[in-house]
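As written, the chain order gives the labels A, B and C, with residue 1 at the start of each chain.
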Amino acid sequence: MTVFQKEFSLSPKPRGFHLVTKEILQQVPEITEIKSGIMQVFIQHTSAGLTINENADPTVREDFETFFNRTVPEDMSLYKHTYEGADDMTSHIKSSLLGSSVSLPVTNGRLNLGTWQGIYLCEHRNYGGSRKIVVTLMGN
Amino acid sequence: MTVFQKEFSLSPKPRGFHLVTKEILQQVPEITEIKSGIMQVFIQHTSAGLTINENADPTVREDFETFFNRTVPEDMSLYKHTYEGADDMTSHIKSSLLGSSVSLPVTNGRLNLGTWQGIYLCEHRNYGGSRKIVVTLMGN
Amino acid sequence: MTVFQKEFSLSPKPRGFHLVTKEILQQVPEITEIKSGIMQVFIQHTSAGLTINENADPTVREDFETFFNRTVPEDMSLYKHTYEGADDMTSHIKSSLLGSSVSLPVTNGRLNLGTWQGIYLCEHRNYGGSRKIVVTLMGN
């Protein structure tokens, strides 16, 4: 049984949804040693999230930003926790709607995703900076 | 340590929410070999999802469809990514709101769910076809 | 490879969002034996959920309650599954929006969370009672 774990930071991204599959995989070449197992990707923040979605057309990521801004409005009269601005509490809510981790199958040394799947960093803050990630690989 | 992994397809389902616990467990009889561990169920698509919810009353699944259609409206003026119709971008959004995988405890060779819990396939497309699944079982 | 699993109940909580990181960790002192791995926390209910969010300011938890009540309205005319009252179907929906489990990295015998992260019990029912949890620890 192999367990491999690594902590690293993603480069800072502007607010929005960003495809980060390659940036994550570059950090864990040890994935090639796992024939069958899982990869957990965890983000150590409460104002950004991770999700799996379409890896080709950038308008999907734009439409995500539109939808989540519409569904979680930056109306400060709705929230108490707004010390850091209108994008403070809304970022916490979005991070729980989308989730703090993704868990993916690993097969024959590679992520076993569908053809159109990729990992998104969901950056909800206007100025989020670099984001810390913990990847855990487990398998045989 | 046992790691067991299997890829298979679920039979095609109409748009809506479907209880698939039995259809999944039929594919992985090896679960009986795991005394203590986890089962990850991953869907290799970005327009369908997986979630855990009530396994008895079918009106729960109907109400899910009602709620998600109301919350993620099929109004093509809201989205750019609508090449495949009004259910295209909304399906991507719903799949990230509900998630691409579920991770469940396994105890004494069985899923250790609550009495009322089952696994839902969340089919967001009008004509989604069969959906590919990867199950990973890990434990002792 | 270590696999450790424990079932227990959380003390009953009023409707709302509650920080339960300590209450969970008290149940699994075996976490100190894991140098590198993951902890899965699973809730055996379909009307309550688990998520990761801000562990300091209680107004974040209040704003979560406000947001989810606004987004999943207790309007019984919208739903069929309302046998147990206006908080019945809405609790099922909220539990799938937020999720039934959280999966966290474990490093050097401790949860490897960000500074501001904690585990929330999301109690969606008016009178939910105690909630059953299954924790699975896996790693080396």
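In this section, a contact is a pair of C-beta atoms (placed from the backbone, for glycine too) under 8 Å apart; a residue touches a chain by one contact, two chains touch by 3 or more.
This is a predicted model, so every value here is computed, not measured.
> Can you tell me the C-alpha superposition angle of subunit A onto subunit C, nearest 5°?
120
> Same or different: do the copies subunit B and subunit C touch each other through matching residue numbers, with over half of them shared?
Result for this pair: different.
> For subunit B versus subunit C, what separation do you get between their C-alpha means, in angstrom?
Result: the chain centres lie 20 Å from each other.
> Which subunit A residues sit where two or more other chains touch them?
Residues 1, 71, 97, 99, 103, 138 of subunit A touch two or more partner chains.
> Could you please specify the touching residues of subunit B with respect to subunit A in the complex?
Subunit B residues touching subunit A: 1, 3-5, 7, 40, 42-46, 71-72, 78-81, 89, 92-93, 95-97, 99-101, 103, 132, 134, 136, 138.
> Taking the touch rule as given, give the residues of subunit B at its contact with subunit C in the complex, in rising order.
Of all residues in subunit B, those touching subunit C are 1, 36-38, 51-54, 57, 59-60, 62-64, 66-67, 70-71, 97-99, 102-105, 107, 112-117, 120, 138-140.
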